[in-house]
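Labels run A, B, C and D following the written order; every chain starts at residue 1.
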Amino acid sequence: MKTGFCGLGNMGEAMAATLVAAGFDVTVWNRSPEPVQALAEKGATSADTVQQAAENADILIAMLPDDTVTRQVLVESGALDALPEGAVFINMATVSIAFSRELDEFLAGKGLHYLAAPVLGRPDVAAAGALNILAAGRQDALDTAMPVLEAMGSKVWHFGDEPQQANAVKLAVNAMIAGAIGMMGESVALAQGYGIDRGQFIELISTTLFASPVYQGYGRAIAEERYEPAGFKLSLGLKDVRLALEAGERVNVPQPISAILRDALIDALAHHQGDQDWASLARVATRRAGQE
Amino acid sequence: MKTGFCGLGNMGEAMAATLVAAGFDVTVWNRSPEPVQALAEKGATSADTVQQAAENADILIAMLPDDTVTRQVLVESGALDALPEGAVFINMATVSIAFSRELDEFLAGKGLHYLAAPVLGRPDVAAAGALNILAAGRQDALDTAMPVLEAMGSKVWHFGDEPQQANAVKLAVNAMIAGAIGMMGESVALAQGYGIDRGQFIELISTTLFASPVYQGYGRAIAEERYEPAGFKLSLGLKDVRLALEAGERVNVPQPISAILRDALIDALAHHQGDQDWASLARVATRRAGQE
Amino acid sequence: MKTGFCGLGNMGEAMAATLVAAGFDVTVWNRSPEPVQALAEKGATSADTVQQAAENADILIAMLPDDTVTRQVLVESGALDALPEGAVFINMATVSIAFSRELDEFLAGKGLHYLAAPVLGRPDVAAAGALNILAAGRQDALDTAMPVLEAMGSKVWHFGDEPQQANAVKLAVNAMIAGAIGMMGESVALAQGYGIDRGQFIELISTTLFASPVYQGYGRAIAEERYEPAGFKLSLGLKDVRLALEAGERVNVPQPISAILRDALIDALAHHQGDQDWASLARVATRRAGQE
Amino acid sequence: MKTGFCGLGNMGEAMAATLVAAGFDVTVWNRSPEPVQALAEKGATSADTVQQAAENADILIAMLPDDTVTRQVLVESGALDALPEGAVFINMATVSIAFSRELDEFLAGKGLHYLAAPVLGRPDVAAAGALNILAAGRQDALDTAMPVLEAMGSKVWHFGDEPQQANAVKLAVNAMIAGAIGMMGESVALAQGYGIDRGQFIELISTTLFASPVYQGYGRAIAEERYEPAGFKLSLGLKDVRLALEAGERVNVPQPISAILRDALIDALAHHQGDQDWASLARVATRRAGQE
């Protein structure tokens, strides 16, 4: 099964590497050449153009930054037109519902199959092939894709036949992460208002009722006030919360907490936190309380 | 060391039982007699009046429902006046900052010691002596109290010399629980808006990024839409979130998410959910989305 | 008809003066003596104690700062006990629903009549006898009080038989004022984000769609960034919004906008704006946008 | 001076009629022919295509529903390319900042002038030529356009040299209207919670502190619970509040009240209020309080 892979950022490179290691025939493309070369040394075929990655592929995987880049690189470039009939396109990036639907219609019109399959997990998890993969799309397309998905993830979730369903799940999860960070920020500000050490408070919650990756990972950053380098930039977090709100608006779902989170993320941007890790959303609460 | 214990609700009875089992000399009082008798059978001394539980006690523990009841039972009744000089009063209930400060001044004026020591954990955890105990107060009082606290908890946290500090931590934690429920509600509504099964969504989050007691416990209730019988009534949850907001206002801490949670809890009360478990806060999101 | 008047702040002094000018037999009391003397020179009788203002009064009017002061001065002092049977007590201050109900029960138990009658209007309006008086209480009490109310106001509104109804209306109106200031703040921040002059924006709204006293008065302060001296202190504004939220919670009314306003007022307090006019609530929006 | 006018809805038809009545040489176009005919009978020239309205025009005015329709009708159709060099295009519709900037660049690249000039006022105000016109764009373009603008409006405001500035002002004003409706809703719910008649409450505010067109007009609808026929549909109100939020996000301005208003408007849509007048936003508050 020939597989193309476009978009070799931190996540994409690690994911593509697991495919190569698992013995798949992978052709990789990236805008900048360094990761292409690195993967070629591991056994991937390098593509000079995205079309080369697409043509002859049974499966084309994309892990590009956002709607705009994905549209430019794959749609406007004509790359998707280069896919052979019956091929499956798997978009693993976090994109908007609107764009996912647009892709779905575009591909269906060409006799191609579309899976949305965004992931949970950071680059180290991707490198271990241990992502949680949130997939949606028709069952036959999923069946075709399953071998490559299983190589990249420890678990493949199937949320329905419409690709946008997986995007909705991913956006909902990201909104929940923002919610966890936002609530940690409020609670740290409250605790500090009573002279309580933020580290001790975070230790309490992250070792008891909230002992889970999100509270432990972001909690540690908040406890140590260490927001650089960014694992996930706050400006991207704002984008995702906005996409979650747009997703809600399409189906008439009020999301007042997410709305307040978006507001706080904008406050953070206005205070030059856009390039910090989005754990620094917690700073908005302490700053508003006059604690900074 | 003679210990008095007032307030034998679900939590108090379990906590007092661990003290008796650990060999402490415990005199217990409760408004209704059944749990007093049950504990007497296990080896506790029963008190007919709260004064009897207080007089001669080295340590008096209270686990009463709220500010109002605690004030009536212990302050207005004169029970605290019955404590021998130098005794330590440990209030383990969730009360307001204002009332905790009031108690602190009242007791200090009588030469008595005061510890605030609210807990994390449900009755089954209390029965196992495995609570997390959030203590604050002067170190010498804590030293005196430590044997009984350690009998009831797996870990005793000391948040500072002022009793109100422990109350602030407890209120912050409860606000965070409300936040977790509220965000689950919004996300379930969003997911359902796209035809995704709520059970599958809750399974995803509670086995991956949010795999922790709060998300698993409340998540299960939300997944199954099972809000009765209440482990913790929504009306009490509203009280705690309001107390967290009051605590923040005292020290100039804005808490916009908690403010929105309070608002949603009121919406729930207006729709007859006050006696349901506060996991049913999640219903506000789905109802507002027209999904009920 | 003998009338007592307690509380001669800026509002109270102007209101009492209109009664004296209208020929009523008014006995006045105030904690500090200066305004008592000033009114005595205009023809009022001065009282050395609040009891003197109450005894023999057909009507006792109070315009004291808040719940706490009103309780101390009138209830705990025994002043209300000095009122002759059948007298009417008119509380014109902005107080909580809870305290208004407490007063109602207290007075009913003594065979006294109670009217809540908070007002709309600043001291200059009070001096002109042109207040809008928001009254509630039994019709017979209102009938008795009407001559003095009409001397102080251009219009007397009767909102129902229960005194708390007038308090609810007053709190709702004050929340609306906060809402108008808050929205002006957001809109000024938005306009300034596009390089638009705040004065021109305020001129637009306050001369067209929003041409009314609230938008013109507070709008001018915002346009000129002139928040001192305070006509109404921001810290008092926070108190009133909190009372409005408490009033809503008593009857299960969610008020998300008011909740956000409370939050912004706390942010303002944390930034040392408590003694500024509450028009300076608008600064929260521009500060959060990084425009200050 | 030859003037083209595209978009003869309720507003556009009234505006074009004032131009005809003022003696301007106006060529009109509309998708449906009826209003074209009506204006032709009053002296306008009718255009069969939008290109006919544009070619030879010194000034082209558009009053189309939204970004999408405006882009289709004027940009994608090639109509703007038909404008003679040096012509001024005046877009009087409420559009997004992003689209206004796109138009600005598009027209500048063709040697054409662009004014954004959205308006305040309903169709009856437009028919009287008494609109408030919120203009932005270069001074020379405004000078050219002034005669036609003055024929349509009682006042022309100039908010700056960049067209988007006028769009920002219009969106800020519309957000303020939503804020006024939202606060009336909350306050009516609070008042009703205390048994107060909503009509009396609205009368109070709209004849005193808030005596202005917005509170009187929308207040009357709320008082009478009369939301049909819609003067301005709630679904369009949601669109405008969303555009205001997007405008704020572009320049890092948090708008928490507007965020909550957007949320409430979505709640309204989920309850089938999309075609009601946006005064019915007030129903969200009373419904959430269990009063409906």
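We adopt the following convention: a contact is a pair of C-beta atoms (placed from the backbone, for glycine too) under 8 Å apart; a residue touches a chain by one contact, two chains touch by 3 or more.
To keep track of the chains, here are their UniProt names: A, B, C, D = NAD(P)-dependent oxidoreductase.
All values derive from a computational prediction rather than experimental measurement.
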{"item": "Chain whose Cα centroid lies at the greatest distance from that of subunit D", "value": "B"}
{"item": "Approximate Å spacing (C-alpha centroids) for the pair subunit C, subunit D", "value": "38"}
{"item": "Two or more partner chains touched - positions in subunit D", "value": "248, 252-256, 260, 263-264, 267, 270, 288-290"}
{"item": "Touch-based graph of the chains, sorted into line, ring, star, complete or other", "value": "complete"}
{"item": "Subunit D-touching residues of subunit A, taken from the complex the two chains share", "value": "238, 242, 248-249, 252-256, 259-260, 262-264, 266-267, 269-270"}
{"item": "Subunit C residues within the subunit A interface of the complex", "value": "256, 260, 267, 270-271, 288-290"}
{"item": "Subunit B residues touching subunit A - in the complex, by the definition given at the top", "value": "97, 120, 132, 134, 157, 159-160, 162, 164-165, 168-169, 171-173, 175-177, 179-180, 182-184, 186-187, 189-191, 193-196, 200-201, 204-205, 208-215, 244, 247-248, 250-258, 260-261, 263-264, 285, 288-290"}
